[in-house]
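Quick heads-up: structures coming right below.
Two complexes come next, and they have one chain in common, chain A, joined by chain B in the first and chain C in the second.
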Partner chain A sequence: MKRLHIMVLSLILLPAIAINGAELTGLQIVDNVYNRDTGKDSKGNLTMSLINSQGNERVRTIKQFIKDFGKVEKKIMFFMSPADVRNTSFVNWSYTEEGKDDDQWIYLPALKKVKRISSSSKSDYFMGSDFTYDDLGDRQPEADIHKLIREEKFNGEQCYVVESVPKDEEYMYSRTVTWIIKDKWIGLKKEFYDEDEDLLKILSVKKFENIKGLWIILQSEMVNVQKKHTTKMQLSEVKINSGIPDRQFTERMMKRGL
Partner chain B sequence: MKRRIFGTAGVILLLLFFNTGIKAESLNLTGYVRNYTGMLLEGGNDFSILQNTFNLNLEHSKGKIAFKVNPYIYDYQNKDLEIGLRQAYIDIFFKSMDIRIGKQQIIWGKADGVFITDVISPKDLREFLLPEFDEIRMGITAVKVDYYIGDSTLELVWVPVFSPTIMPEADSIWNPGFDLPLQPEFDYSRKKVEESLKNSEMFFKYSTTSSAIDLEFMAGYMWDDDPTLHTVKNIDPVTMQPESITIIPEHHRLALAGGSFSTTLGGYVIRGEGAYYFGKYFLSEDPMIEEAVVEKDYLQYLIGVDFTLLDIKMSAQFIQQYILDYDDPIVNDRVENMMTFLATKDFLRETLFLELFSYIGLNDGDALIRGKVKYKFSDELEILLGANIFTGTEGMFGRYNKNDMVYAKVKYSF
Partner chain C sequence: MGNFLKKLTKFNKIVLASVLILNVGFFMIMRSNTRMETDLDEYMPQEHPAFVYSNQAEKWFNIKDGIIIAIENEEGIYNSDTIQKVKDLTKSLQKMREIEKSDVTSLYTADNIIGTEDGMDVRPFFKRVPKDPEKLIKMKNLVRDNDMIFGRLVSYDENITLIIAEIKDDVFSQEFYHRILELSKEYEGPEKIYVAGSPIVEGTMAYLGPRDMQKMVPIVILIIIIVLLVLLRSIKATLLTLLVVLFSTILTFGLMAAVGIPIYAVSTMIPVMLIAIGVADGIHLFSHLHLYIKKNPSASRRDAINDMIHGMWKPVVMTSVTTAVGFISLITSQVYPIKYFGIFTAFGVLMAMVFSLVLVPAGLMMFGLPGWKDKPEKEEKKSRKNLGSVFSTWVVKHRYLTIIITISIIAVSIVGIGKVWINSSFLDKFEKDSDIVLTDKFINSHFGGTSTLNVILDSKEKDAFKDPALLRLIDEMQADVETLEIVGNSFSLSDYLKRMNKVMHADKKEFDIIPDSRELVAQYLLLYEMSGDPENLWKVVNYDYKKVNVIFQLKSDNSKAMKSAIGIIEKRIPGFSEKGVEINYAGSGYKGLVFTDLILIGQILSLLLSLIIVIILLSLMFKKVLAGLIGAVPIVITAVISFGVMGLFNIPLSTTTALLSSIAIGIGIDYAVHFIERYKIYALRTGDKILTSEKTMQHSGRAIVFNALVVIAGFLVLLLSVFPPNRALGALVSLNMFTSFVGTVSIMYLLLFMSNIYFKKNKKN
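This part shows the complex of A and B:
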């Protein structure tokens, strides 16, 4: 749904930009990243490696399916490893309606039932990693004030550099700075500053590919420079627009697993 | 019986590994090895439990067919090895319907740690309510049919053979005992429910999920998992005191209908569950009542809330049991109120977990308070230290006030 929204937005905005030759604002740039078309549906295997300051590594693997249903985007995740969370599944319904909270359910195989849970705090860390739910892409552009501070070449790509300051002063980051590839609308690097304005984390996109005409991030790395902890994310066996059936996102599949 | 199960499990395992029909690499094999040591805080610090567990999950699916086998072994000091199958079932998947046949755990309802509409799988109460939930709920042989319409499900369960609650052994510290003036005799002649079609159990559930609310409606025609303790007293006509007491355990038919819901309100999850039991048996102290039992309708319901406060995940439930058309000599209170509280928090990137859970009986002022600390040394190895504290002197929890204990569980998952 958000993709449709982007497409509509693009139809309105792009001609205007072309005609006026005006520079994009920080908000427009971040909007384009947030709304980058990632397909009607997608599926893939997510491998998350958590590496501590001693170099010890813990690995989590997840199989995920995402589908755009128009007003709602549904996601189902099946936890494959480690062994003690295997067969746990998680469903998220995310709405385009402004202000409407996500709906979430979790299936815990030990309890053998699906539980509705309150929508995760956006500042919570995902599965003990260095990524919060916001970092994974759920943060609405309207939650921050964005400012285009410069344009520069970074890792061989022409980038916009956008500074984003949260409207909520209590938010966990005081600001972020993002390098966004101009023609692909991918955030190539992002710096996160803590409440004391000190650098906290650096997110780097290590690999992205064009799959069926869409830019998909396949590898990224988040380094917490203060705690010297790193999380590597790798997406594999990615399938875009493969026609995932609606029933994949139901309680039936949560219990059945893969 | 258990030997027979072991034999069956052995055959299945052999078939799995040596039969060419299923390749070992297509099997999903997980499980754990665990040591569980508990020690009482009172008296001579007796060990309340010394248990070693091996639990295995074997799963395989191919197209529209899948199966799961969950054998387990409990090893106790100075007791026979206990070997069994917690689950062993076959799934057959159709476009809009699934059928599961075999031994399975079936859990209904929205309540946590309380059993209201969750009445299909009987309970193993040999260690009261202390084991993990998947160990309290026993598998039962059943046929379960689920029919799906969008986000709604119609579920029908047929249990051909009744399985009762497993109660603690007579010498167990978890045996609640009897508050009687004489040592009773037992007559088990009416306890067994014959294994026949007319004695089977049926359950039905409709459930639906939506953004606004999750709903379940259910009905069941079953046997009461807990036997009613019919009591016959021979009274001395001179002293009017009982000369002997005979307890005759008997399971009775029970019909119930109920439902549950779950919804969100801001950052809160609101849950509710209730069931109306048509004709449940209760003990009575009325000397004119034959065998000291009466049949009454009974209502049990719960309201609960889950929320997060200061990064601590919390949950509270209020449970009420109500006997309709109440007679004063009934041993149970007309209204019985209970609450539960849960608080959990994790630290160190989900490697250290703290949990506090408690049942609080409001009628008798008793409680069970359970504190746990769990640390995961790695994804495979974890250690859990806990304490179970019983407060009060009467009621469901107060009766165990000499059973305060600390325990440790060391678990390796694979």
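This part shows the complex of A and C:
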């Protein structure tokens, strides 16, 4: 659904790969993950659990709607709990155009105002979790140089292990290593290394399901091993391609709440 | 006992050899097993509620001590070079093994909460160092607009900026301390770099104190040797006395090493005690021997030594046992190093006793009696009217004057005791013009303060601190405490919310207040989490909003400053408890304060306890309660004057100075026992009060003067030390020796004399 031209490009290139004995390059593998079809739209309930180093847990439940508008992917989220932030809503527009930052707005019901949050970069953390916007799947494959380092069986799945080094030396990670399931194009595990090459975070996908022929990740967990902080994300009541109307993503809907 | 000791002298070679082997053995253990304990946390009683709470709070909010590095550029910090240094130094610190990345705060890592046209944003002040002057000016203005940063990380004159690296207290080492100093030196010029903060102060102290002691101790020992030589007029006697001190010290530290107890800072006081007490045994023995030889110039070596043992074993054992019991009373202290100090000093004192009674006779048997060449008979007669008897006659003649003088000195001292204050400050231990004090002053004059007090507010209810009413209470408390001159600034969750409220209302001043509703507070906090790195938030509030940490920056680390801040905070207790919120404190500064209080209370309790024990012991030994009470007089006088002088001369009580009162017990008992024992012997022998006084003064009085002179001369050398705590140590040890001595030969003697003790019975007979 994203970056259609790349898909087209891949289709053109595919025969060339076939000639090379179906041996995929690192970039092609990552492209396949990035472009894995996750539907035209989706909605569901997201439960986000934040656990700090002392084992204290905070849970937020969110109803989210996502729709692909071609050059932009729009997402609207409504907080269901905790009670004091209920109906706080958050809109994120993510662009396919390279280098263009997301646009974000938030509606605070207590202030009765929609405010714009100007995100300084995609390496910001998402809602105080251990995921950055990039980690959530926004990072464009061209931003890194990818290398297939080996293939191995991991958690019962045949995986490609790909190492990715950012082109921008100032980027928050010095490299990442991803275990990608062959054919399903799901990153099953990912290790993130910080500027000093020290292991910073580990992402593990705990549960994924085939919904309407599409592979959807339902449960994942990110552990920041340096801060000993964990974020668990769990999706439920997922509906794919249910035909969410465009007006679901407007300011009026933000203010209306659930 | 006496007979056993006499028999032992026949086997002097075996005795000497076994003493030597024993010491070599313990010395080896000491060399291989001794461990210094420098982590101050190890000194604190971890089970004490204040420490338990503080340690927990330190975990909740990641409270650590900060090393403060100030970068000063007199031309202003907003130029590419200086900003580059801020970034490089920040990154170098973050890369150090001892420092966690997220624990370094500087202009490079700080979050800037800013209002934008249609919302708010949390972003760094810079990532890449701006080269272009316009961008630098923009950054300058951003800092000026943010009072969470301006005046806290950047000085108001914009010439200084701070980098704060927080470290856990168990990672600090001498090596790390020097690495920090070296690192900051690399960034010197044209900028000036200053390093401060409590870990640095403690580090410098831990480095300077022992180094200074290493320089001073040999001089102290040398002076003691010289004075001993002059007074004892014998190399053999001096050597044997010193060996008693040396061997008892080796055995004590050897035993500590053997049972795996590390050397704490207060343990360095053990040799001080052993010198003062160990020397006494030797001097009394040789003093007795000298008098005997004077009287019986033709006596054989064995006869002389037997007489010495016969006459002296009792007082030596009595003094040592009472002194040891006095030190053992420190076992009641809650502070482990002090407990150990008490136990091992007691052990050392007993070892000094054993060596005095075994080593000295054996040594004399082996190498011969000291070759005292006494002056001709004629002068001997003259000196019968010696200073001692002149003094004793004067004291008795002017008994009321003596009593009045004593009472007035005690009265003045009691006034002084009222002024005694406890100081847990580390900085106050340095010279006023030392680098470390000047640096601290410099940073304090430009920023909030180098010392921190953490006030922890604790509620049972989840999300309690999203309540605007509570947040307002916190804000009021901060404003209250900030009226104190020594409080530079404060920081809490309220500051975050005020800042966000203002920013969300187009930076209007009237919105620099706590938001009205709980929902708005919650939503601002959510917004903050979504916009920035929430890590900083967890330093002021815990995960479920049940607890907050209010941080106060103080310009002084002394106890008065911290207590004045706490005084104002305590007034807020009713307001908070109405809302179900408890106030507690945390952080190393606060722990230091509690710790010093504990030491003081423990010290006073053990002083009282040991006084009671000593009175009982003396009463039993001399078989008279009155003797016990009189014997306690020098101890009381010494302790009272010691504390009184500290109050009058504004010497605050600290770990070391408080312990010095133990010397009062140790020495006071010694003098009293020797003196009373001699007095008793002569009283029973002569039945004549005047003659008894004269003889006692000549015998014990002389030895006591010698003992006092030796130790005073030795410890006065410490007055030349460059490290103020060591100077205080020297002065107070000397003072205690002096008052013990004067108290014994004047008022205690007078009381003995007036009480007619040991004479009534004679009269009846």
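We adopt the following convention: the second predicted complex is superposed on the first by the 236 of 258 C-alpha atoms of A that agree within 3 Å, B and C clash if a C-alpha of one lies under 4 Å from a C-alpha of the other, contacts with A are read in each partner's own complex, and residues count from 1 in each chain.
Following the convention adopted for this analysis, a residue touches a chain if its C-beta (ideal position, glycine included) is under 8 Å from a C-beta of that chain, and two chains touch if they have at least 3 such contacts.
Model, not experiment: these values are computed from the prediction.
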Room on chain A for both chain B and chain C (clash or fit): clash
Chain B versus chain C as contact partner of A:Gln54, first or second or both or neither: second
Partner chain(s) touched by A:Asp84 [first = chain B, second = chain C, both, neither]: both
First (chain B), second (chain C), both or neither touched by A:Ala143: neither
Partner chain in contact with A:Asp101 - chain B first, chain C second, else both or neither: first
Touched partner set for A:Ala110, first chain B, second chain C, both or neither: both
First, second, both or neither for A:Met127, with chain B first and chain C second: both
First (chain B), second (chain C), both or neither touched by A:Glu170: second
Single chain B stretch clashing with chain C - from 202-210, 310-318 or 328-336: 310-318
Residues of chain A at both interfaces, chain B in one complex, chain C in the other: 50, 58, 82, 84, 105, 109-111, 113, 115-119, 125, 127-128
Complex contact set, residues of chain A against chain B: 50, 58-59, 72, 81-84, 86, 93, 95, 101, 103, 105, 109-119, 121, 125, 127-129, 229, 247, 250-252, 256
Residues of chain C touching chain A in the complex: 59-60, 95, 100-102, 116-121, 123-124, 127-128, 463, 466, 504, 515, 517-524, 526-527, 529-535, 538, 542-544
Touch list for chain A against partner chain C, complex: 50, 52, 54, 56-58, 79, 82, 84-85, 88, 90, 105-106, 108-111, 113, 115-120, 124-128, 170, 194, 196, 226-227
Interface residues, chain B side, partner chain A - complex: 30-32, 91, 93, 98, 105-110, 132-134, 137, 146, 148, 150-151, 153, 207, 209, 211, 214, 262-264, 267-269, 271, 306-308, 349-351, 378-380, 382, 413-414
